[in-house]
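Heads up, the next two complexes both have subunit A, just with different partners, subunit B and then subunit C.
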Partner chain A sequence: MNNRENRTLKRETRSKLIAYAFILPALLFFLFIVAYPLFTVLWDSFQIKNLINPETQGFAGLDNYISVLQNPNFIPALWNTIGWTVLSVTGEYVLGITSALALNQKIKGRAIFRGIIIIPWVVPIVIAGMTWTWMLTPDYGVLNIWMADLGIIDEPYYWLGEKDTSLLTVVIVNIWRSFPFYTICFLAALQAVNREMVEAAAIDGAGIITRFRKIILPELKSVSMVLIFIHVIWTFINFDFIWIMTQGGPARASETLPIMIYKFAMEEFNVGIASALSSMMLAFMLLVFIMYYLYTSTKNKG
Partner chain B sequence: MLISRKMKIVLKILTYLTLVLFTLFCLFPFIWMALTALRPREEIRSTNPTLWIENPTLENITNVLTNTPFLTFFQNSVIVAFSATFLSIVVSIFSGYTLSRFMKYSGVKLVSFTMLLSQMVPPVLLLIPLYVIMNQYGILNTHLSLIVAYTTFTIPLCSFMLTSFFASIPTDLEEAAEMDGCSKIATIIRIVLPISIPGVIATGLYAFVNAWNEFMFGYVFINDSELTTLTPGIMLFQGIYGTDWGSIMSASVLSVLPVLVVFVYIQRYLIEGMAAGAVKG
Partner chain C sequence: MAQRLWKISIIPSFLFLLLLGACGGSSEESGKDNNQEGGGEDIVIDYWAAWDPGSQKAESSKEMINQYEEENPDITIDVQEINFDQMYDNLVTSINANDAPDISWGLGEWLGQFNGFGALMDLTDYVEDWEGSDQIPDNVLESLTIDGELKAVPNYLGNRGLVYNEKMLNESGIDEPPETWDELMDMDGQIEEATGKKAFGIAGAGERAPQELIMYLAQNDLELAAEMEGGMFKNTWQENSDEMERATEVFQFYKDMLDNGLINSNASAWTWQEEDTNFALGEYAMVINGPWIRDTINSEGAIDEDNVSVTSPPANEVEATFLEISPFYLYENTEHPDEVWEFAKFMLSEEFQSEVNTDDSPLSDVQGEDDWGQSFNELTEIGTAFPQVSLGGITNAMEDALAMVLVNDEDPQEAAEFLSEEINNTLQKNGEFSEE
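Take a look at the complex of A and B:
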């Protein structure tokens, strides 16, 4: 009896050891490439650290944070980031839900339409950015010329090079590339909607719009929350689109916080200040995460 | 009858119209990319652009292939993307297997949760310390720096994808194999993997596309144009060749093709996985 217990205990320890050994490599990658750098960012944000003068070091207290907040470019960049995030996510949401509703109808060629709509999402951001930049160039850009031909604009316009339109133009390209993700998720959720309920409501005399608002929209609520949550964060911290298309220009008109971090770090080599701004963004993300968590947990309780 | 006949036709027309508009919106940039790549220089610089090419030519494409470092960039991307894919698949097979079989251990649960959290940490915020760390280890400006970074950021999702594949395999076979004295690793290689080949391929292709498309790390970590990968390379193109859009678009077409081919293959798995994640979420 004792012997058998001993043996099962041994087997249990062995299987535990195997489990931990198997998961160790993944954990090591995480510790070295995510956890340690994350800790470094927080640490450096309280240090005087500049790659140009590595000798001047020391504890900076909140100085880095104060310099970020007092930087004259900070508030405009913050507003740009908020505008960029809100406009992008709204546009993606509207296009995503519209295309998913259309794809959810019983029509011919649905698979082909679905396949085409998801293509922008697969392409590297650089290529999306380059292609749109080319289509929008003032001299020979096809969109510029066609819009002028149609009388929408008087003459070709330098969309990415003018202060009023540069950020908005990148928003449109971002929407173009990102909305298919919403489409696919909404489509999956729509297919889970109970058809009988929709039909019963129709028999009771509910019109199309009422049915959409009262039955379909509530069903999409949880997917919508996840999508908006993920994309607010993804868009807020996105570096690639803006860097590729405008580098934050002209005259910082499309500069967002990630672009600012990059410039602090890679152009001024001021690691301390760049880390302070990164930490502030991390804090914001944590806040969004907590809000989302509280929202979902109260919803699940109720 | 739920809706009147007339209403039904109107709805159908509206649906098709919406879908055609979306198709145009999504496809037009690609069509224009391909058209520009195949046009002679004079036609590209035309103030009256058309959807028709007067004298289609391959001169842009041959120019990109012979007179520019495009092939070097392409080769670098292939090396980096394949290595990162291989590494992250090997790591994820073991972590995914553990997540599917040993969730009862608190340590495994904890790792699973940290992996989920690490998905939320944006790479751009880690850019500076990673740059410094890679510099300290002396692997900045090498392919290894990119391979390590891409592997790390794909491991969580690859593990979760593989976990769901492994979870659907009954454990009887494995237990039988172990009775016969097979070690755990041998069991995974001989029993579990052969059944999960489609899952492993789908996961690998996801890791590949991810590495192939990444821009920021490639742009920041690599300084040597001999080692540059495709995505930052194409941005370099614009700096060097300025307004030679024929060449830039040719390079774009050539870099998009592998991704599109891969995508056609994984579309089903990818869409199912994404949708399942979001709907459950």
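Take a look at the complex of A and C:
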């Protein structure tokens, strides 16, 4: 090996070391903040672990998973979680894109509206949840009073206290809070749409719906996919809104899987079962991620 | 260049590790000794309180704590204000991270859990040596005792009484509040016809719902979980048809209240907030409630406090009420158990209690000047508390059983059987079940 080759090797080694040094902080973050808790949850899901009964410990095999699947509240909670996620993300998407298109028009006071629309998204969830709960109360809530005065309902209705409407009501509140995020993202994406092309299509006789479907919507496809993907995850694992507004009630009618996990872990202290359900949710989310990855990579190849 | 890059990456890594170290190391530092500049030792006591910020209780407590610090210059009380909704989660997390405070507020329902964690100090010897202990009713101390060891001391009592709007009752031609379930049930039409308002209120959900249910069960001479030999527990309704019949009667009572219009149809999902606020707004005439309802009545301003009175809850088989004991929990991990006990003793002194807990003191010598406090205090002797077991799964099952009859319109007997089975299942999971 001559000197030149030697120098090249040293340079390569040094470059690699520098690369590792750059990765080190992120790796430490990943190991301590993500990997360790994740591994602990997976490990605990196969253990008998009850904080109240520490004497009974040991390997549980698949017992915790079987307990979760046999729990009579699991299937209703799974359907509630799916319904909660699908309805929330759909509502947010529709409202987000509609408001973005409206705010993209040259209207008077557009800057003010663009500023105002972000407000629901910056209100802390606890404050938003408690305020909506108060507004929806049948006996002294302003929304019920207004709706009754306007003749929309005959008498005040307990939106959060009835089995048929409790989850749907929280979905609406969740849509109200989350759609501004979509609006801002879509507004940014709309700035990239070629105005000349839209105007040319209009001159050629393309109607407003055709222009939206054929020119604008394809331009928003990428941002839509990212928004839907991250919101499916965020909504699926969301705990706080439902807990603050209904605690999963009445009669577990709005109980989702994260609420079940909380009850297993923090009320019954059965960490094994809580971890098993968490691992199942993790596996489901992983599946969604893999599907998304396969979809985008196939599309990119195409 | 390479050296600079190394430094750039090493510094954040080091800071990150430092952060982790700081998070994990707090248990060794909190609570605990700090060297003063003068070289003396300053003991810091971590105290988590759940008073309402700005309330009379909060302000007078702070004044008394300042006074205590002045009298004990080597002791600093580090007060953290945490509301009850967050207190439970914070305590559970800190206990399991071995980083509990030295002393905290809490609910009586948490006693079994915290004892199961092995988190609580044994206060038996301290209380035996304390002269003031004879001022605390025996049943209060018994409720805080597990396996012969006293595991907490009472902070204040939330005895439940029948709080009734005398004006509404009088307008309906009713002179006296109901003394029995039957009398209560007969009042529905009378009050609604005269005032247009409902007669009674309940909480069908949230923390308050199990507290009310245990009271009605006690009024029918039933225990949620009976203590058997060996300190283990069991629900015995399924083994005793008479008990099951009485448990069914309790759920039937709930169902009748709803079906007969005695209560608001929304009450099946009311939590304590709706129950208290609606009573304070004059939306119904009677409620089982605690001394704090006076503050809600005054803050809402819809009804006059002078029109509201307190008496024993309506009885069935026996007279009983829910004895809510809000305890001070003293934690095992403290480095200064004697000093923490001295601080707890100070908060249980007549001087402190007279300033802070005028209407709800656990001391028999400290009673409010007016009828209000006295009426509630007199109910202590008929008070029933939760059994000293881990209650998380049990209170969830109690809420579910109530929802079965109030929301799902299911058979009261099925609700009673479900509850009995779930209580024993939970006891079994927690290693507290008696096989007898």
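Assume the second predicted complex is superposed on the first by the 272 of 302 C-alpha atoms of A that agree within 3 Å, B and C clash if a C-alpha of one lies under 4 Å from a C-alpha of the other, contacts with A are read in each partner's own complex, and residues count from 1 in each chain.
Throughout what follows, contacts are C-beta pairs under 8 Å (C-beta built on N, C-alpha and C of every residue); 3 or more make two chains touch, one makes a residue touch a chain.
Values in this document were obtained by computation on a predicted structure and should not be read as measured data.
Chemist: Could you figure out whether subunit B or subunit C reaches more residues of subunit A?
Modeler: Of subunit B and subunit C, the partner in contact with more residues of subunit A is B.
Chemist: Report for A:V223: first if it touches subunit B alone, second if subunit C alone, otherwise both or neither.
Modeler: The answer is first: A:V223 touches subunit B but not subunit C.
Chemist: Does the superposition put A:H231 against subunit B (first), subunit C (second), both, or neither?
Modeler: neither
Chemist: Just subunit B (first), just subunit C (second), both, or neither: which does A:P37 touch?
Modeler: Only subunit B is touched by A:P37; subunit C is not.
Chemist: For A:F113, select first, second, both or neither according to whether it touches subunit B, subunit C, the two together, or no partner.
Modeler: It touches subunit B, and subunit C stays clear.
Chemist: Tell me which partner A:E55 touches in the superposition: subunit B (first), subunit C (second), both or neither.
Modeler: A:E55: touches subunit C, not subunit B.
Chemist: Kindly classify A:R252 by the partners it touches after superposition: subunit B alone (first), subunit C alone (second), both, or neither?
Modeler: second
Chemist: Taking the superposition as given, does A:E267 touch the first partner, subunit B, the second, subunit C, both, or neither?
Modeler: After superposition on chain A, A:E267 lies in contact with subunit C alone.
Chemist: Which parts of subunit A are in contact with subunit B and also with subunit C?
Modeler: Shared contact residues on subunit A: 18, 22, 25, 29, 32, 137, 139-140, 266.
Chemist: Report the residues of subunit B in contact with subunit A in the complex, numbered from low to high.
Modeler: Those residues of subunit B that touch subunit A are 2-3, 11-12, 15-16, 18-19, 22-23, 25-27, 29-30, 32-33, 36, 44-49, 91-92, 94-95, 97-99, 101-102, 105, 107-108, 111, 114-115, 118, 120-122, 124-133, 148-149, 151-153, 155, 159, 184, 209, 212-213, 215-216, 220, 230-232, 234-235, 238, 243, 245, 248-249, 252, 255-256, 259-260, 263, 267, 271, 274-276, 278-279, 281.
Chemist: Where on subunit A does subunit B make contact in their complex?
Modeler: Listed in rising order, the residues are 15-16, 18-20, 22-23, 25-27, 29-30, 32-38, 40-41, 44, 95, 98-99, 102-103, 105, 107, 113, 115-120, 122-128, 130-135, 137, 139-140, 142, 145-146, 176, 180-181, 184-185, 187-189, 192, 199, 202-203, 208, 222-223, 226-227, 233-234, 237-240, 243-244, 258, 261-262, 265-266, 271, 274-275, 278, 281-282, 285, 289.
Chemist: Looking at the complex, which residues from subunit C come into contact with subunit A?
Modeler: Interface residues on subunit C, with respect to subunit A: 2, 5-6, 8-10, 12-13, 16-17, 20, 88-89, 92, 96, 112-113, 116-118, 204-206, 264, 266, 268-270, 274, 277-278, 281, 283, 390, 392-393, 395-396, 399-400, 403-404, 407-408, 426, 429-432.
Chemist: Which residues, counting only subunit A, touch subunit C once they are in their complex?
Modeler: Residues of subunit A touching subunit C: 14, 17-18, 21-22, 24-25, 28-29, 32, 50-56, 137-140, 158, 160-163, 247, 249-253, 263, 266-270.
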